[in-house]
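One chain, chain A, links the two complexes that follow: it is found with chain B in the first and with chain C in the second.
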Partner chain A sequence: MPDLLATWSGELRAQAALFVRAVRTSFAYKPALVLGMLTAGLGYVVPLLVWRHVYATRASPLAVPASQLFPYLLMAASLNFVSNMSVESRVGQRIRLGLVAIDLLRPVDFQLTQLAQALSDVLLNVAMVLPFVGLSYALWGRAALPHDAAACLGFCASAFLALLIQFAIAFIFVQTAFITFSSYGVFYAKTALQQTFSGISAPLALFPPALRAVAERLPFCQTIHTPVSIYLGAISGHSLVPVLLVQAAWAVGLLLTGRVLLGFSLRYLEIQGG
Partner chain B sequence: MIKESLRVYWQAYAASVQAKLEYRADLVVGVVTAMLSQAAALSLLWIVLSAVPTLGGWTPPQVLFLFGMTAACLGGSELFFNQIWLLPQSIVMGDLDRLLTYPVRALPFFLVTRPELHALGNLFTGALYVAGSLWWLNAAWYVWLTAPLLWVCGIVIYTSILVWLACLSFRFVGPQLSSMMVGHNLLQATRYPLATYPRWIRGLLLLVFPFGAFHYLPGSVFFGKGAPLVALLAAPIAALLTMALAQKAWNHGLKHYESTGS
Partner chain C sequence: MGCAESSPSSKNLPIPGPEQKKTNMTSPSVVCEGLAKSYVRKLRQPGLVGAVRGLFRSEQQVVPAVRELAFTIERGERVGLIGENGAGKSTTLKMLTGILMPTSGRLEVLGLDPWRQRQKLAARIGVVFGQRPQLLWDIPVRETFTLLKTMYRVDSKLFEATYAEAVKRLELEPLLGVAVRKLSLGQRMRCDLAASLLHAPEIAFLDEPTIGLDVAVKEQVREFVVEMQRRFGTTLLLTTHDLKDITATCDRLLLLDRGQLLFDGTLADFEKRFATERRILLDLDKAVTDGVAAELASALEPLGGVLVECRGHRVVVSYQRDGAAPALTQCLLSRLPVSDIVLEKADIDSMVANIYRRSTAQQEREAS
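Right after this comes the complex of A and B.
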């Protein structure tokens, strides 16, 4: 037992050190950071403007009123930005360059190391997204804040589970890079599915029935739609706990799937020469 | 002299394509996922058009034309001129040193030497959307003939704007690609009719970053949105102007290039 504790304590210390280093690296290129914020903001503004036009031109009301839709879209964009962890590009590049061999030789768990690095990206992203949350409060006031204290707590738990799910999905997708030696395809595949089914462009209530039925059966809606719905009070009370349990089940299931797939992928690993 | 330069560019491009073809599985995955990505882009359009019959006065097939032209333009630029995305990294690593000693014009040579074959997915899907929309709209023969010319103009405009933005990396040295993502996101914004956006954004996308010139303005002429026939000239004029400015930005940027010490 003491041996096991010592091993885990060593693992945690190593992961914490990696986390701190990764945060420092991310903050090193400040102009790139500012440009990154602007770029991401630009990408998220387009659906907002399209919906603004739709609500301005449509005579009859939609399933979601404008007073709820726009805070939803801004929170969805903020959460999506926060959960941008670059897992595919980082791991994919190391596979392509053969550097993954060094990672695998280290006496730390590969998946946990990637998770620690991914969470450091999240910390940086949270710092970058805070001004936009402030902006949403300035624009929509109370409607942009958590519905109540329970919603705030529920959102924190749900957002953390959403991050784990996002990481787990990216980790599963990046396994194909062990065979293809490129992360381009997997990155775009994951992004495409995320954009379509997560609810980032609209709440699921506005989806056409066929698209909604598919979205509800996939894990992507657990990464955006669920936490934002909790934040805005659309999911509350007794329904909160089952929703969080479903998210936790997705997170555990996907993380374990990733571990199993890593075992298979390593059989195909070819270290690229000099 | 020009013929000789073109031969060199072509040989460099062909060699780069061969190198890329070494990764067959990656190519297949990349093409399929690029097509998937373009299909996913239609999801928001599907959601929006289930709420309203038209978007800014544009019907579903007309908006599909904009989506297709944007995807095809993106695919064309990635297929022929993708290396621009690696300029920030090349500056950090000092990789331009060798390029600058070659007896060819540096910018076109740099652009053509790293094609992205996944772009075929964007290109095929874009062409499919455009052909589908024009067939759906019963477009006249001259629209079918003009579309490829507009596509070429779109590639030039998009690539040139990427060059402007990439040249910022000569000043703000760092390995990130964010500056070019501004151009990418602005291009993607023009998948929706510009009439959807506030006036100042329309101005930005027609005059400063003239992405709207190669599909929105011609579409407005073809689909009877009240634009005059002369608006068709906007695409080639914008292509020439943006290209000239891209060369200027590159020349200016090179003056600030410092190489690396190691």
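Right after this comes the complex of A and C.
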């Protein structure tokens, strides 16, 4: 038991050190930070304009009132931007170029190392998104803030679990690069599923019933729809704990699936060119 | 992180010295039996039609990269692994380090199964892939070193010793604060080598550690490798195309050809077996004529000499290592106006080139 504890504390120390270095690397490129902020801005403005037009031109009211929809879209876009961890492009590229050999030769867990790197990207993304959250508060006031203190805490926990799920899904998808040596198709497939079923384009309440039923059975809605619903108070009180437990189950299940798949994928690894 | 600049004696290091290691660890560093690795290669047809057809149907070819390799490396040995491009050197190294899964055969490194126990093994080995830097691209060299200290859980005393040694021997001091992306190839390679040996690994796998480096840096790298090996009793397995790396750092040679082991023995054995040819090089006062060349060739033949070159002021004669030199020299001196004479034995490059030529010729004969 003490040996196991020492091994894990060593692993965590190593991963923490990797995380800090990765954060430093992310923040080293200032133009990328500025460009990222502009992209985030675009991601906010376009859907808001579209939905404003829909609400302005429609005679009968929609299932979700405009006063709830706009803060939802704002938070969904923020969370989506924050959870953009580039796992597919980064890991896929390293597999394609054979640089994954260097990662595999480290005495640390490969999956956890990728997670540490991904979470460092999250930190950078938060820095890019914060000005827009501030701006949205200026536009919508109280409606852009968490519903109450419990919603704030619940959102933090749910957002963290959402990030784990996002990472775990990307990690599973990127495994195909071990066999195909390309992550482009995989990246597009995952992005399409994420865009369709996560609830980033609209709350699930606005989905056609059949599509909604599918979305609720997939893990993607746990990455956007669930945390944002907690933030806005749509999920609260006693229903909060089971929702978080479901999210945690998805996170653990997907992370473990990724681990098992990695063991299988590494059998196919080829490091090309010397 | 305050890294010591002094170089403490190895007596103070909290690790066993080479002598202790010998008594503590008697099992071999590497045991390899019937090791094989094959790749599946997709054959693509040319042109746009070929690309479209490839979407639906593709032919595959199994390419054996390593075949039935068998060798053992004892603790503290310094072994050079050489071979032409595609001979299977890097594939072998990647199997030994646990990155690639062997297709068949048995492999044990430091008592571990490299593929199944990769992470455990990684803590005990050091690896340099000359073509794949392990330093973190965007942060200063010093930070990569301290990060590696944490990752490899290196004892502070040991780290201070190896760090100081690397900084001194490889002249890294001016580079420590520089972001890796701003380093030249030679600078990066020196830092990379230091990074792979900072945790005083039990085995160092160096895959072309001097590739693309100038003569001075190559020399520095070789000296550092030898010093670290001597100091920590590290087992060394090095692949290279520069055979001076081998003569400077290794005392045993594994020669691979098309995935098979052609030779396994000491450098002295290798020389004894393959360096059979000697040469006499002559500089002449006066240029030789064609008639003299023909006459010279027939005079040398009964003495065991072969006239390799006879042009202008230069004559080269080759002979087998069998004591023919005195008679040949006497013959040449009596017939030619010699201004200078040099006796030369074949260097390792030409020996290896000869072996490959013979092997290729044999394969072609077998194929036909």
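Heads up, the rule we're going with is that the second predicted complex is superposed on the first by the 271 of 274 C-alpha atoms of A that agree within 3 Å, B and C clash if a C-alpha of one lies under 4 Å from a C-alpha of the other, contacts with A are read in each partner's own complex, and residues count from 1 in each chain.
Here, a residue touches a chain if its C-beta (ideal position, glycine included) is under 8 Å from a C-beta of that chain, and two chains touch if they have at least 3 such contacts.
As the structure is a computational prediction, the values presented were derived from the model and not from experiment.
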Partner contacting more residues of chain A (chain B vs chain C): B
First, second, both or neither for A:211, with chain B first and chain C second: first
Partner chain in contact with A:104 - chain B first, chain C second, else both or neither: second
Contact residues common to both interfaces of chain A (with chain B and with chain C): 29
Interface residues, chain A side, partner chain B - complex: 29, 31-32, 35-36, 38-39, 42-43, 46-47, 49-51, 53-54, 57-58, 62, 176, 179-182, 184-186, 188-189, 191-193, 195-196, 201-202, 206-208, 211
Residue numbers on chain B that touch chain A, as the complex places them: 23, 25-26, 29-30, 32-34, 36-37, 39-41, 43-44, 46-48, 50-52, 55-56, 116, 118, 172, 174-176, 178-179, 181-182, 185-186, 188-189, 192, 196-198, 201
Of chain C, residues touching chain A in the complex: 39, 85, 90, 94, 97-101, 118-120, 122-123, 125, 127, 129, 131-134, 136-139, 143, 146-147, 150-153, 179, 207-208
Chain A residues within the chain C interface of the complex: 10, 13-14, 17-18, 21, 24-25, 28-29, 98-99, 101-102, 104-109, 266-267, 269-271, 273-274
